[in-house]
Amino acid sequence: MHIIEFIFSPLLALLIGVFFLGLARKVMARIQWRYGPPVMQPLIDIIRLLSQKSASHGVAFNIGLVMSLAGSLVITLFLPFGKIAPMSNSGGMLVILYLMLIGPLGMAISSGESANPNASIGISRKLLLAMGYELPFLLVVLALMKAYNTTSITEIVSLQRDTGWSMFTFPLVLSGIAYLLILPAMLGVRPFEVVNAPQEISSGPLVEYGGPYLALATLQHALALFIGISLFVNLMWGGAANPVIFFLKMLVVFFLGIFVNAVFPRLRIDQAIRYLWRWPSLIAFAGLILVCVTGS
Amino acid sequence: MVNPVLLIAVPLGLAFMVPLIDSASRKLTRFVPVAALLFNLILCIRLIPAVLENPIVINLGGFTPPFGINLFVGPLGLLFAGLISLAGLVVSIYSLSYIKNGPVVKYHMLYMLLLTGATGVVLTGDLFNLFVFFEILCISSYALVAYHGDRAGIESSIKYLIQGTVGSGLLLIGIGFIYGIFGTLNMADIAMKIATVEQSTLFVPMILMVAGLGVESAIFPLNAWLPDAHSSAPSSISAILSGIAIEVGLYAVARIVFTVFGISDIYLFFAFLGILTLLIGEMCAFAQSNIKRMLAYSSIGQIGLILFALALATNNTVTGGLFQLVNHTFSKGLLFLSAGYMIYRSGSMEISSLNGMGKRMPLTSLAFTVGAFSLVGLPPFAGFPGKFLIVSGALLKGEMVINILVGLVLLSTVIEGTYFFRVIQALYFKDGNGEQRKQAPATAVTAMIALMILIVALGVYPKFLADFLSSASSDLLDKMSYVGSVLK
Amino acid sequence: MSFLQNNIYYIGAFGLIMIGLLTVLVKHNLIKVIIGLSIMDTGINLFLIAIGYLRNGTAPIFSSPEVESILMVDPVPQALVLTAIVIGVAVLALALSLAIRLYKHFGTLDLHKIKELKW
Amino acid sequence: MTGMEILLLVAFGGVMLTYILGRISSSLRNTFAVVLSLVLVVIIALMYDKTGETIFYRGFFGIPMVLRINSLSWIFAMTISFIGCLSVIFSLDYMKVKERTSFFYAMLLLVNSSMMGIVLAGDLLTLFIFWEIMSWSTFLLISYNGGPAIAAGMKYIVMSFAGSMAMLAGIISIFTAFGTLQISEIAAGMSSASSGFKIFIVIVFGIAFGVKNAIWPFHAWLPQAHAEAPSPFSAVLSGVLIKMGVFGFILTMYVVVGLGTYMSLGGAIFSVRSILLVMGAITILVPTFVALLQDDAKKLLAWSTIAQAGYIMLGIAYGTSLSMAGGVLHFLSHVVFKSLLFMTVGAVEFRTGGIRDLNSLGGLIKKMPFAFTGTLIGVCGLIGVPLTNGFVSKWLIYKSLIFGSPLLTFVALFGTWGTVLYSYKLIHNIFLGQLPEKLKDVENTPLSMKLPMIILSFTVLLFGILPGLPLRVINKIVVSLGFDSLNISLWGIVSESGMLNMINLFAAILAGLIAVWLFLRIGARTIPVKQDDNYAAGAAVPRDRYNYTVKFYDPLLRMISPYLRDIFDTFYMKIADLTGYLSNGIRKIYTGYVGNYVMYIVLFISLMIFVQMKWSPW
Amino acid sequence: MKSVFSLILLVVLGAGVVFTLSSIPFGSTSSDVGEYYIDSGRADTGATNIVTSVVVGYRAFDTLGEVTVLFVAAIGLGAILAAGRENEEKKKAEWEPASLVLYTGCRFLFPLILLFGAYVFIHGHLTPGGGFQGGAVIASAFLMVYLGCRKKRISRTWARNTESISGLVFVVTGLTGLAVGGHYFLSNFLPEGTLNTLFSAGIIPIIYIAIGLKVGSELTGVIDDLIEESE
């Protein structure tokens, strides 16, 4: 059972992530009055990409990418998907926060070696954006951990079963609002799409990737999408006892993100940071203070 | 038993003999001070055991104390005498090669007489005799400051002379008052009779004497001659002036205040004065770009510190003050000696001209560094135990005012450290012009190494001196035993 | 009047000392300053003598065996003054030689202009 | 003659001997220095798990000077000798091109020896003596390079010396209050002392150790000093030397003052503990962002050192067994990865002819793969990527802080993101991106530099995967300081609020890596291409013109830099200026006119007489 | 302004002095030491001039210092003048010769003054006078010669050797006292003789003669130096 979970849960995450990617393109197309590609198009792309030859810039180019994807895969082991949570007891939320670093970092090292200035610009933006949303996000997470007095994500989920969903309970409601406000940034969708910005810096970090590398990068992107949404559902929306309900909740959050993506223009990176550090941070901070005051 | 009067008589006789020796052999004169001071040093060392047991009182001419002049060789006096001979010996070795131009014979005579005068001051038990020896000390230093005969030397010498003469005039007036009041000049006798006179009467004589001696010992408002004189004199003389002359002045102040007047309730005033001197000296030194002037101001600061320590008048602080005094003699001597040759080599006294000296004169620079570290009070050099004793003694008093003053002492140490470290950086780490490496002459190097060894030895094993200093401090503080041993 | 009579030597002595000090303080010609020092010295010597004076006393010399010792003045200040005078002379000689040198170097004896060493 | 005496004798004797040998032959000296430092490592390793006290010297006015060893001393001594040894090895090539190498080696060994003296000191006097020796020898080494190092050294020594003087005041107050300086005896006396006295002691020692540990607001000396010192010494400086401050803090708070007293010292809000914690947090937050602004590789690392010192401070000041373990472990972690980083940067500096400017480097990964790997591992440790030692120690610190003070945890966690940014800037601007034309001929890292890097990289990973190794020793320390024992396994830690199991994580990540690697292998073959053979939307990428390194994080910096003025640095410089100005004013009283001088004399007397006649105080 | 301030300071100083002087009434000395000297000076030292017995007997050590001060000043003066002289070229000023009357008078008076000076210091223990006074008289003789007989110069070597030997005599006398006479420095080791005769008072005449010669030669040296400087 356990071993199966270990293998199953990353695969599931990958699948859902890739599905979301396809769904995103489809929904966007429909919103824009186009027909759009099939939902499974990304999966097909990945398989196709694997068969293509590609240029490699060196060892770090490979290792960085591998590291990035592996890191993200490990996170999925920590996130409960419904009840499936194979490694939720090996360190809890703190480990997740740190594992979340590996993805961007590996990507950064990999594309950094390619010596393409577009990639460097993209990386710089990516890290800055991460910094931007990390500030309110950390406040939110800390408020949660303080409120539930645990660092274990499974415990947070199970406690929500008794108290009700975090984003609708009193002190945490502010954190919930803040989380919602930063969610697009965490998912990397517009208005926070400045990292990849295909028209401007040729997809940024992805510019030098081709063939299998691009496949890995796509998978990494898919996983990031999955992790972002899953984290929100788990932390704020009470998770779910049942994987299906969990998936449905994810879907709702995902659509929310897509709609935002569809209607907003892109922000410049400094505008993005300014936004992220202003209202979401203030609200999240207020939430944390409230938790501290009322909690103890 | 050897007679301590030889400490004065022999150098004096040799000084008188120098012209005769000079007409016999010109080369020999240079070694006369070395011989005389070596003799003194050996004598001092031989006297130590006897003096530690009981102070030696010598009645000159065979007349019993209040009527004749007596020498009082207690641990304190012997400490100073030994210090004078030791520092004098080292500097005289240094001078062998350092003093090449000018009336060399006269230099050596004056030098020896200066040290004789200093020895006389610290050994005598008679007020007027103290004045006379003080004058020997002063007048020979006026002459030696102007030894090179350059603009700065002459200018500083005449300023020194004017202030010094006013100071000694005040001292003499004070002595006159004291004689008028007590009818005696013997310090022990006065000390015994001091209680018979109303205290307020003694204030003016005391302040006159303190001010008179204070000019020589460079207590704050009276020390304006010092930076000029110390910076303009030949470096060997600067070393002696800084290392011996002002300390002897301080000794005289302490002797008069503690022993003659037996004052115990005015220490706070002197402590404040000491701190003021310390702060002003260190701050002025901080603002200097001329190395010898910087060292001179630093001497003022150190004197302030020692004065502060002595003023607190407990056995601990006085021991610490004396330790610091010994350290100052060695360190400042070393600093001046090494700076002397560096200036000689670079041709300028500006600190910036010493850039890169560490490469050109490694040993001399090392000597400077050791001296500076020791003066600042870094372990394992001799400055640290002194500072430790002073601060611990002062804190032991447990008074808030004193604690604040201790804070100021530490603050000024930081300032002191700053300017010394600045010079050390210039010596070692700034690029100078690419001159050839050339060491100072062997005699100078010998002198500097001797001082370095002394400094490190004292720093590592301060106990060596501590016991002796402790009895010296009780010699200074215990007025009754002084009186008792002189007027048996 | 009797006060003046009683203390005339003290007044004279300290008058001289004060004049000497004032000269040193306000005059800026080196020679005048040295003269001031000399006056001060003289004043001090006079003061020392005055301290040892005994009214109607005589010199402490037993020039003939029958001289009475009762009315002799105190010999100690006289001895001191002897020394003080010599010291004064010594300082004076040194000061004058320095003044000679100083004039050679600076071409002036005005102490306001001899201020190369300061701060 | 106990082991400790032999150790110090060997260490200090070796310093002298090294210098003397340097006069004879440089290779002999180098060999001797390496052997000496290895011997020191061995001697200290042999002392493992020993405790004892011995009076080694009574020459200082009869005050007994004591050496003592316990687990706290041991771990510090071990670190010192270990890093010292590596830095000596690293210097072999690094110093070849420099002048006055004998001086350098002797001073480097002297610094190490004096640090050993500090941690082995059993009384405060010994501590202070070695402390001062360390301070001035460090000063000489920092200034060693000349040029801008002069100002850096000056700043260091002045601040350090001010700290030392504060410490001296504290030590002597203790001496006068209790009549002893032996640490074990002071603790007993301290418990009965008034709380004002305790606070005084904490403040003065706090200044001394805070300066050395570069805790905000005493950090101003560190960036320049670290940047300008020779790189092998920067490694020592950043790795172990400033950690003497940590040692001092532990000693003050938990040994001298005592755990129970420390936790309740001071008022409710302004308790000593909370002030220290807030200082630790500020030390994390501000320097992290200042590090982002830096364009000098070593300066960046220097600011990072300050920030990491803040983490350590948070850990040890919080005062639970978990946080204590985290603090001490983070000290160990930081020693390892920061030394590693300074060495790699030093290697780059060495090979590129002294370039430290991040804007003019780049693309060195192909030229110096070893240095890159070292930097990568070091950076991972610095960030705290799982499987490195930094992760474990930071996890412990967060874990202990998270419920007690979430705000502090927030600052610490947020600091980690700053760390990511500047770490990436470091690694990107040196090793990634385009290789400038002028660096085409850069050679690979020399062997003597590789060796320490390999050892340190290995240590980073070892302690990351098997944190139980250091934690066992640390647990002893924690217990000896009066905390509860921790439940430690080789793989991690089981605390009251969750567990850490590195083996699971290790296995998961390893599996993930293998899986992804296999996945990549499944795909088509990749063709290796040259570094600058890349896509530019059809246009040719001009060489040397298209290197995106300058102003790497400009959008952010434009936002935050107005808030990052180093007010305390400015403040200290203002004080220095003021002192200079004041001094310049005061020396004007020596007007040069002799009449004024005589006036001072007369004024003094008249004033005294006036005061006496008016108020007759005497 | 400055002089007013100085005056105020001096007035304060004077007030302090007056305050102290009020405890030392003028003209009534009550010095134990002084009385002791007057009473037993003759017996102790054998000199009828009590001042001399104080100067050369009781406080002989002071006098040794005093001689040294003068010695120091003479050397110092020589050193200062010599140090400066090295740097500048000699310029010879032509002096107008003195008139014949002056010249002859000087030459005539010179030995007489010398004799008077010798008398003064030889009889120091009997009459008012002594080594310093005698020495000054001798020096004045030389000064007269310098002024009157422009070309005449004393032999510097002679002066220096006289100075040196007489100084040594003083010290050696003291040391002899240490060696033979009661083990005190400067103690009297010679018979005191009868009062009021020339050969009395032990070592006092010896010392006074030494002082006289020394002071004479020193002051002459000083005069010589200064005259040389003025040329």
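The first chain written gets the first letter, and so on, giving A, B, C, D and E; residue counts start at 1 in each chain.
Just so we're on the same page, contacts are C-beta pairs under 8 Å (C-beta built on N, C-alpha and C of every residue); 3 or more make two chains touch, one makes a residue touch a chain.
This is a predicted model, so every value here is computed, not measured.
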Chains touching both chain D and chain E, listed by label: B, C
Pair of chains with maximal C-beta contact number: A-D
Identity of the chain that, by mean CA position, is farthest from chain A: E
Centroid distance [mean C-alpha coordinates] between chain D and chain A, Å: 36
Where chain B and chain E are represented by their mean Cα positions, the distance between them in whole Å: 30
Intercentroid distance (Cα basis), chain D paired with chain B, Å: 43
Multi-partner residues of chain D (at least 2 other chains): 587, 590, 594-595, 598-599, 602-603, 605, 609, 612
Contacts with two or more other chains, residues of chain B listed in rising order: 128, 132, 135, 139, 142-143, 146, 149, 154, 157-159, 162, 166, 173, 179-180, 185, 203-204, 207, 227, 284, 287
Shared-contact residues (touching 2 or more other chains) in chain E: 2, 6, 10, 13, 16-17, 19, 21, 24, 29, 31, 33-34, 37, 59, 62, 65-66, 69, 72-73, 76-77, 80, 84
Inter-chain touch pairs (all): A-D, B-C, B-D, B-E, C-D, C-E, D-E
Of chain D, residues touching chain A in the complex: 363, 365-366, 369, 372, 376, 380, 383-386, 391, 394-395, 398-399, 402-403, 406-407, 409-410, 413-414, 416-418, 420-421, 424, 427-428, 432-435, 497-501, 504-505, 508-509, 511-513, 515-517, 519-520, 522-529, 531-537, 541, 546-549, 552-553, 555-556, 558-559
Chain E partner contacts - residues on chain C that touch it in the complex: 6-7, 9-10, 14, 18, 21-22, 25-26, 50-55, 59-65, 69, 72-76, 78-79, 82-83, 85-87, 89-91, 93-94, 96-98, 100-101, 104-105
In the complex, chain B residues that touch chain D: 158-159, 162-163, 166-167, 170, 199-200, 203-204, 207-208, 211, 214-215, 221-222, 224-225, 227, 265-266, 280, 283-284, 286-288, 297, 359, 373, 376, 378-380, 384-385, 387-389, 391-392, 395-396, 398, 406-407, 410-411, 413-415, 417-418, 421-422, 424-425, 428-431, 460-464, 466
Chain E - residues contacting chain D, complex: 2, 6, 9-10, 12-13, 15-16, 19
Parts of chain C lying in touch with chain D, wherever the complex brings them together: 21, 24-28, 33, 111-112, 115-119
